[in-house]
Each structure stands twice: as C-alpha cells, then as structure tokens.
Amino acid sequence: MNSEVMFYLLAGMILVFSVLTVTSRKILRAAVYLLFVLISTAAIYFMLEYTFLAAVQLTVYAGGIVVLIIFSVLLTSHISEKAIMADRKQSLLSALAVGAGALLTLLTILKFTFVPSALPAQTSTVTDVGNALISYERDGFALPFEVISILLLAALIGAIIVARKEKDNAIIK
Amino acid sequence: MTGSIPLQYFLIISTLMFFIGIYGFLTRKNLITMLMSIELILNSVNINFVAFNKYLYPQNLQGHFFTLIIIAIAAAEAAVAIAIIINIYRNFRSIDVDNVDELKF
Amino acid sequence: MVDYTYTLLIPLIPFVFFILIGITGHKMKPIVSGLIGTAGLGIAAILSYITAIRYFWTDHLAETGYKSIKAFEVTWLHLTDKLTINIGALIDPISVMMLIVITTVSLMVHIYSIGYMKGERGYHRFFAFLSLFSFSMLGLVLATNIFQMYIFWELVGVSSFLLIGFYYEKPSAVAASKKAFIVTRFADLGFLIGILILSFNTGTFDFQLLTSPTGPAITMPGGAAFMGMSLLTWSLIFIFMGGAGKSAMFPLHVWLPDAMEGPTPVSALIHAATMVVAGVYLVARLFPVYALGAPDALTVVAWVGGISSLFAAIIACTQTDIKRVLAYSTMSQIGYMMLALGVSGYGGENGLGFMASNFHLFTHAMFKALLFLGAGAIIHAVHSNDMKDMGGLRKYLPITHITFLIACITIAGIPPLAGFWSKDEIMVAAWHHNKILFSIEYLVAGLTAFYMFRLYFSIFWGKATHYHHTPHEAPYVMTIPLMVLAFGAVFAGFLPFHALVTSDGMPFESHLDYSIAIPSVLIALFGIGLATAMYLKSNGLPDKLAGIFGHTYKWAFHKFYMDEVYIFVTKKIIFRFISEPVAWFDRHIVDGFMNLIARTVQNASNLIKDLQSGRLQQYGYVFVTGALALVLIFVYLWN
Amino acid sequence: MNILSLFILIPLFTIIAILFTGNMKQTRIVSAVGMGIQLILAGILVYLYLAERNAGNTAAMLFYYDAVWFPTLNIHYTIGVDGISVAMIALTSIVVFAGIFASWMVDYLYREFFISLILLASGVFGFFISLDLFTMFLFYEVAVIPMYLLIGLWGSGPKEYSAMKLTLMLMAGSALLFVAILGIYFYSAPAGSHLTFNLLEIAKNHIPIEMQRFLFPFAFIGFGVLGALFPFHTWSPDGHASAPTAVSMLHAGVLMKLGGYGVFRVAIYLMPEAAHEQAWIFLILTGISVVYGAFGAVVQKDLKYINAYSSVSHCGLVLFAILMMNQTAMNGAVIQMISHGLMTALFFALSA
C-alpha cells in the first residue's frame, strides 16, 4: 500500500515535471524541472531495489548532466531571457503526432499481457555490479565496460576539441 | 518493495515521458532545451529497461547494465552536445535551432 | 614475259623526293630543293622513255597486238577472301603514253619553275608539292585496278588543292583551291558510286579483268535496271561523272578557270597537260567496257564532250585574262578528246576515235603546256594577267613570241603541226558517227583559231602599252622548256599513233581524209583571219561585234552564269533548306529535348529539395510521424 | 607476364611517376616517355600478333590470360586480343602519344592534367583488351570519368555545361549498358550452371532469344551513346568544342570508337539473333546519323563544331557497317574507325 502511494506520487511528479520541462519558457527553470524528473526517476530505481543504479542516476544524471546544462544555459543566455516557443501550427502538429504516438504505444502496451517471472531476483549490490563489470564470463560485462570507457574518453577529447577557442579560424569558417 | 504495482504502470509512465520528450524536441527552439528533451527520452528508456529487468528477468542484470551504459552515453553525449552548442553560439551568436540550418542541401 | 618491274620506280622516285624536300627542304638553299626535285623527275622521265621504247619497239610486242602487262602487283588490303585491294603497276599503250606525257611535261615544268618561282616564299614547298603531284599522277596512270586509281585520283586532287592554294595568303587563291577540291570531290562521289556498283556486280577491281571482252563486266547481265538503262550503263555514267569532274567537263567545269589562281607552272602541269586529262584517261582505260558493254554511256560521254567544247570555246572568245582564256581552251580541247572517245567503236579501224583521242591528248599536252608556260613568261615580264595590260610584246620577248605562235598555230590545227593531225583524226571519227557532233566540232575548230589568235595578237601585236619597266625575256632556264615543248608541238604529229595506241592493241592504218581535212583547215584559217582583222591593230571592230551579239556576248562574258547557278543551288537551296534546318533542329529540338530533360529533373529536385531544409525539428517531425506510420502499418494493419 | 597487362600497367606506372615530378618540364617528359613506351609496345604487339597469326594460330583471342578477382560473382580479369582490338590499341597509342604533345603547353594544374589524361588512356586500353564483361565495363567507366574533369577544368567556353552534359549522357548510356550486362550475366549460362561474365563463354552458350530481344537495345544504345548515335549524339558537339585539344583528340579519335567496338563486341557478338531482328531500327538511326551529321556540319561556323558533326556522321557510318554483320563491312568499319581516329585527332590538333 505504502509503495503504491509512493509510486503514484513519483509518477505524478515525473509527468508533471516532464511537461513543465518542455513547456517552461524560462530555460533555467526548465533545467531545474528536469532535475526533479531525474531525481524522481532515481527514486523509482530505489523502489525497484537497484540501489547502485539509483546512486549513479543521482550522481551522474542529476548531479553531472544537469549542472552541465545549467552552466551552458548561463553561458549562452540571460537568466531572465524567455525562450521563444514554436508557433501555434508547429505545436499543434507536434502535439497531434505525439498524442497519436502515445495513444498507439499505450494501446499496444495495455493489450499485451506480460508474464512476470517467478525466479529469484539477482541481487544488485555494489559488489555484484563490480564483479559483473569486470567479469568476462556469462553475465559478465567486461567488453561493454571497455567500450563505454573508450567512448567516454573519445567524448572527453571531442568535447575539448570542439569547445576550444580557435586561434585561427581557418578550419571552422 | 514494488508490491502489487503491475509492470504496465511503469511502461505507461515511461511512454508518456518519452512522448513528452519528443514533443519538447519538436517544439523547443532553444538547442539546450532540445538537449533536455533528449535527456527525458533517454530517461524514459532507462525506466523501461529497469522495469523489464525487474519484472521479467530478475535472475540477471542485463537491463540494469544497459541502463548504466545509457547513463554513461548520456553523459558523454551531453558533454559533446554542449561543446557543440557553445561552439555554435560562438559562430552564430544564437542557439536558436532555426538559425542553424546549414544542414540543407 | 618481259620484265617491267622497274616501272615501279617511276612514281616512287618523285614520292621519295617529295618526302625528302618536304622534310628537309627548309634547311637547304631554295635552288637546291628545286634542282633535287628536277633531278628526280629527270630520272623518272628517263625511265619512262626507256619503258616506252622497250614497250613499243624493242620488245617486239606489236606482232600480237599490244597486251597489257602487270609489271608489279601486291595485295594491299586483304579485306575478305573475295575482296582485296591491290597496288601495282600496269603497262599498256595508254599508260606508257601517259607516262611520257606526264614525265615530259612535269620535267619541263620543274625546270621552268626553277626560274619562275625564284624569290618566292615557300620555294621548297612548291617543289615538294610538285613532286607529290607527279607521284600521284604517275601512280594514277599505272594503276592496275580501279580502286588504286581512285586512291591516286584523290591524291591528285589533294596535291592539286595544295598547288592551287599555294599562295594561301591570297583569299582568292584559297577560295579557288577550295572550289576545285569541292567540285572535283563532288564529282568523285559519282566515281565512287560507279566503282561500287561495278565492282559489286563483277566482284573485281582489276582493270585487266574488267576490260577483257569476255570479262565479268562486259558479260554482266544487261537489261533495264533503272530508268531504262542497265546497271553497267549506270555505273559507267557514274564513273564518267568522276572523270568529268577532273576533266572540267560541263557542268562540272566551274573550278578550272578559278584554279588559275595557282602559280602558272602549276596551271601548265595540272590544268593543261596532266590532271585534267585524267578523266579522258579514265574513260580510255575502261574503254572496252564502255564500247562493248554500254554504248549508251559512251553516247553520254560524246555529248558531254561536244557540249563542253562548244561552251568553253564561246566563253574563251570573250575573256580577257590570258590564263582564263587558256583554261577555257583546255576545257574545249578536252571536250574534243571526250567526244572522240564517245564516237569511237572498239577494235581496229572502228577504234579510230579512241586512237584520235589519245593522240590529241598527247599533242594537246605539248602545246597547251607550251601555251601556259609562255603565258607564264609573259606574266613574269608584265606582272599582269590581263590582256588589256599587254600589247606589242613581240619586240621584248622574242623566244616567247615564236614559241607562243607555234603553239597557237598548232592548236588552231594548221598542217603540218601536231594539232592538225590529231584533230583531223577526231573529225574523221566524228563524221562517221554523228553529223551533229561533227558540225559542232567544225564550229569549235573555227572558234579555237579565232580566240587563240585574238590572244596572240592582243599580247604580241597592237600598240605597246606603257610598261612600268621594260619587259625582258625570261632566263634560259625558262625559255629552254619552251623550246623543247615547241619542238614537241611541231613534230609530235608525226608519231605513228595508229600503230601504237589503239583500242584493242592491234595496229591499223589510217589515212588523211582530204574531204574533211581541207574544210577544217579553211575554217581555222577563217578564224585566224577574223582575229587578224580585229586585233592586229586596235580598231573598233571587236566592240561592234560584241554589240551585234549583245546578250549572247554578255552571257558568254559572264561564263553563262554557271558560278551563280552553283552558288544559288548550294547556298540558297541546299544550305538554306536542308543544312540550316538540320542544324537548327539539332540545336533546338534534339539538344533542346536533352536540355528539357535536364531542366525537368532540376525543377523536380527544386521541388523536393525543401525536404532537405536543414531544420532539425522538421526532420524530427518527419522521423516521428514516419516511425509511427510504420508501427501502425506493421503492427496493426499488416495482418 | 602477359604483354597485354603491360598496357594497363605502364599508364599506371607513368601516373605514379608523374606524382613524383617536380616541375612542368619533368611532368611532360615523364608523360611523353611513358606514352612513348606504350606506343613502342603497341608496335611490338602488332608485330607479335601478326607473327602469331602467320604462324597459323587461329584461336579467337591471342595472348589470352585469365584470373579471378572477385570469386563471389565470378568476375575475372580476362584479357585477350583479336585483330580488331590490336588495331584499336595501335590507334589509341598513337593518338595518346600525339595528345601528350598536343597538350605540351598546359600549365594550369599540369600534373593533374596529365594524370587524368593518362588515366583516361589506361581505361581505354583496358577496355580494348578485356574479355570479361564486368572488367570491360569497369574500364569503360575509368575512361569516361576523367573526361569530366578534363573538360570541366581545362576546357574553354561553356565548359561546365559541356562537361556536365557529356558526363550525364554517357552515364545514362552506362546505366543502360549496366542493365544489359547484368541481363547478359544472368542468362550467360544454362540454368543451374555457373554464371559467367566471360565474353567467349557467353557467346558459346546462347542467350535465350526472348532475353536477347529485350537486352539488345540496351546494349546497343548504351554503347551507341558513346558512338554518337542519333539522337543521343548531342553531347558530342558541345563536348568537343569545349574540351582542350588533347582531350578532343582522344575523345573523337579513340573514345568514340569505344562505342563502335563495344557494339560489336557485346551487342552483336553476344546477341546475333536479336541483332538480326532489330538491325533495321538501328540501321535507320545510324543512317540518319550519317546524313544528318554531314548536313549539320555544313553550316557550322566553329571549326570544332564542324569536326564534331562530321564525327557524328563518320561514327554513324561505323555503327552502320557493324550492323551489316558481314566480314567485309566489319573490315570496313575497322578501317573507318582507324582512319577516322587518326584524321579527327589530327584535325582537332590542328584546329586548336
């Protein structure tokens, strides 16, 4: 009972703040709403007993990315600046398409009967996660781990190169 | 802890969040807010993965790790995207997506 | 069989010299290139004389009739087992005679040119071209088959083109050479068609096979193929068209007067003695086929010859440019030769016309070359082509005067000079065949005497015009050829042609027919007398006469407006009504259609390029709706 | 080493050598030497060919060599020559050699110019020696593509327009050709056996007549575009007029012969029955080409246009002769190709 209330609360928060994120005319505020959405998601992960994931969600997503976004907002626009919204026609068309899509997906989801598994759940303690990440046996994720680390490295270098102030503007006109 | 909440509920939330994100992507003119919409989309996908993992295949952690990796990718993507946005801002003095239409023919 | 392989050298030597002078000529002193060219022709001439002497006299071929001998032959192009094109040298009476004519005249012209061309730019070029021309002409007469003849025929055309256009800085020379080339080339189209019809039906190009009375050409099935004439007749008429083009027969003669833009020695060589008689040679070469296979074609030849001779003689009476007078006179004389061939039969006495034609060709080469070279000497002295600028030159140019007079008498047909004998034979042949043609020839004989002496008196008599500097006799290098040719013009008539060059190789006896010879001489004398009366001293007679003839005179003076007719047909009709529409069609319809396709594609892509607007959100929108549509289709509607 | 492969290798080595040249003079000399060697090689080839034939070797193709380079689709590098190819190779090497000298004075991007020119030449050589349809087509494209650069960069007048037009039309021709080649490939062998691109083998296994009827127009028109077949000739006047001298020479002298050669080697040789049936259509078109080109040439004011139209006329004659499908006409076509190649090249060299 408790958990259901909790879930409805979180779900409500996620939906409301999502809508606010995409509709708020003040960008900084939108970023804060996004933060709330992400924290609520983390809460859902806690509910599902994936504690490590929830922690990552909080630190990387809520902590890292949102801060990054807020910084960039501050760098590129004034706080008081109001975002220009799309014109009525575009909004309407997008809402229509999105509504139809949502309807279609929801219909599909509700029509399908999922059979919950009765198997005992694998624990996901930090130890488990750590072991799985460096294991290359079945249920091991060493390769994706390596790949993602290279990706991160590449993104790091890429971000630096792209954002660097060009001394000579020969390449990027 | 999940008690009697059916899987569908999670899916409904994630679906709605996903489409809200898409709506934002389609209507926001500011590149940063578009980026935020994308984060919403990614997040909704994460919820899906986690919920499926929990309900349908609790015996292993595939969905869990997928989510983990997606978060990592999202971080990388955000970093690069913001770098690009800042660069665009430098060149165009604007991050309005309508002004950045060099992509055409 | 007697070995004549060395005759191959006769054309080859000029060819080698052509390449030698052409490539290295600009490095040597001009005179050296002239001497080398002359030496080459000298060797060729000596070889030709040896050949002639051997063929006609020392090898005793006469007993069985002069057979044609293939001195040399190789397969040049092996197209299929049935169709091969050969190259070789054919020795028979007419080719030997032509060798003599060509090498003699060419040698004289070479010697003459050493003096005449002195100081000209492109001296070595001139001699290179002369050698090329001699090579082509010799190759033409030695051809063993009609295709080889065609090849050399075109080479002759090319070298003639080069020589007429020798002064290529003069627009008139360029125009003249172009005209000569195009007109003769057009005629050669007929020649080619004729060759194709003939060889397609007979399966051979070879002259010996074609002209053999039992060969495939003559025995080719007759019967009406087209417009009531057999295939053979048509092919021979087409071949004659080529001959008529080269020989400047009416109506393909328009290039010859203009061709006088070339240097005078060239006119003497090409447009008097050698190239222009190629048409006669061609008909003579195929004569058995004409005579035995297609008498209708021969009639065409006779009439074209007759009309041309009259036509040209009338025009010649009105022209004032001395070279043009000579050019029309050449045309007229070649008309005689054609006519003689046309009225001839085959074999023995019947072949009188054939013999006469070749005889006249021979003598005409001598005296016409002489006339042209003499004209060259006069032009050299006076620096003008126009009769009006001349007069009283006999005092200044004694040698030229004498030789020119000899040539005039010869061409007028006064015995015992060469022209009389050959012309008389033609008259006799014409008399036996067709009285109308015969009377035309009588008229032409009178006209010839008249215009030649008009020319002679206008140049050498009458009042002396005031010259810028005193005209002086040409150097010996130029007068010696005149004297040699004058010697030929006087004595060539005594050659026993009826014993040497006959239609079937068998010698026959010919007699002087006084009933024909005397009137013709009288007519010639009348012509001379008239010319003397009109032109010996300048008086008002010529103008009065011109007034009497009125329009006829005007028409003749304008050459019967033949050039204008040609221009009208080509420019106003063919160009305007065929070529220009075709060109327009190509640029606007065919090309326009391609451009239309291009423009349509471009417009279509302009229409759809908005899809590629560069707007991220539009792409996103399309992406989302597209994905939704796909989901809808594949998940809900497919089954 | 097969002598024929040298005809592709020497241009390639020349191109590599040009890359290392320092100045214009060296580039010219390297190109001239390379193509000079090619010319000598062509002379040797003619000699060897005649020697072989005189020795009584009556094989359809001499100097035959075969190697697989793409086994999945059975694409071979098959080369060999008969008399026609030898004649064409000799013609090409003469024209290319002369073309190098005709472009002696090119100074704008000279290295690239000579590389493109020689690349074009290597494509032409490759085309003439190939006996594998696919390889042949490959070389054909290698020959066509540098053309665009050569006209578009070093041409004169409306060069971009001409280059684009030429390339688009030839590419359209190639598209048709590709359909034909694929069609031939799929019917190259009886059902169940291994499909092949080899010309000689395809000729042995007859393509079904229904397919021939369908494919013959594709093959004929595909090559006919290059052979200036009416009404697909309109790239020719503009292209020739805009191209630099050497390229006009090569194009009119050699590349247009590719059309005639291709029609003979692919369309007529592989699909004789359809050729007999449909010859009349193309005889009409080529007949129009001949007369039409000649009349079109008469009123042109530009020397290069005159020559281009006369090329249309002459190439029409070649195609016409090939369509006659007999030995004599074929000989005539080959001789006409050679004479037209030499004289047009000379004409373009002079009118530049």
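Order of writing sets the chain letters: A, B, C and D. Residues in each chain are counted from 1.
The criterion applied here is as follows: contacts are C-beta pairs under 8 Å (C-beta built on N, C-alpha and C of every residue); 3 or more make two chains touch, one makes a residue touch a chain.
Because the structure is a prediction, the values reported are computed rather than measured.
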Chain at the geometric heart of the assembly (C-alpha centres):
D
Looking at chain pairs B-C and A-B, which one is connected by more C-beta pairs in contact?
A-B
Rounded Å distance, subunit B centre to subunit D centre (Cα mean)
57
The distance between the C-alpha centres of subunit A and subunit D, rounded to whole Å, is 61
Centroid from C-alpha atoms only, then distance subunit B to subunit C, rounded to Å. What do you get?
94
Cα centre of subunit A to Cα centre of subunit B, whole Å, reads 5
Multi-chain touching residues of subunit C, meaning two or more other chains, are 617, 621, 624
For subunit A, residues that touch 2 or more chains besides their own:
86, 90, 94, 97-98, 101
Among the residues of subunit B, pick out those that touch two or more other chains and give their numbers.
22, 26-27
Inter-chain touches occur between A-B, A-C, B-C, C-D
Complex contact set, residues of subunit C against subunit A
617, 621, 624-625, 627-628, 631-632, 635
Subunit D contact footprint on subunit C (complex, rising order):
77, 79-80, 83, 574-575, 578-580, 582-583, 586, 590-591, 593-594, 598
Can you name the residues of subunit B that touch subunit A in the complex?
1-5, 7-13, 15-24, 26-30, 32-33, 35-37, 39-40, 43, 46-47, 50-51, 53-61, 64-65, 67-69, 71-80, 82-87, 89-91, 95-96
Within their complex, subunit A touches subunit C through residues 86, 90, 93-94, 97-98, 100-101, 104, 108
What does subunit B use to touch subunit C in their complex?
22, 25-27, 34, 97-98, 100-105
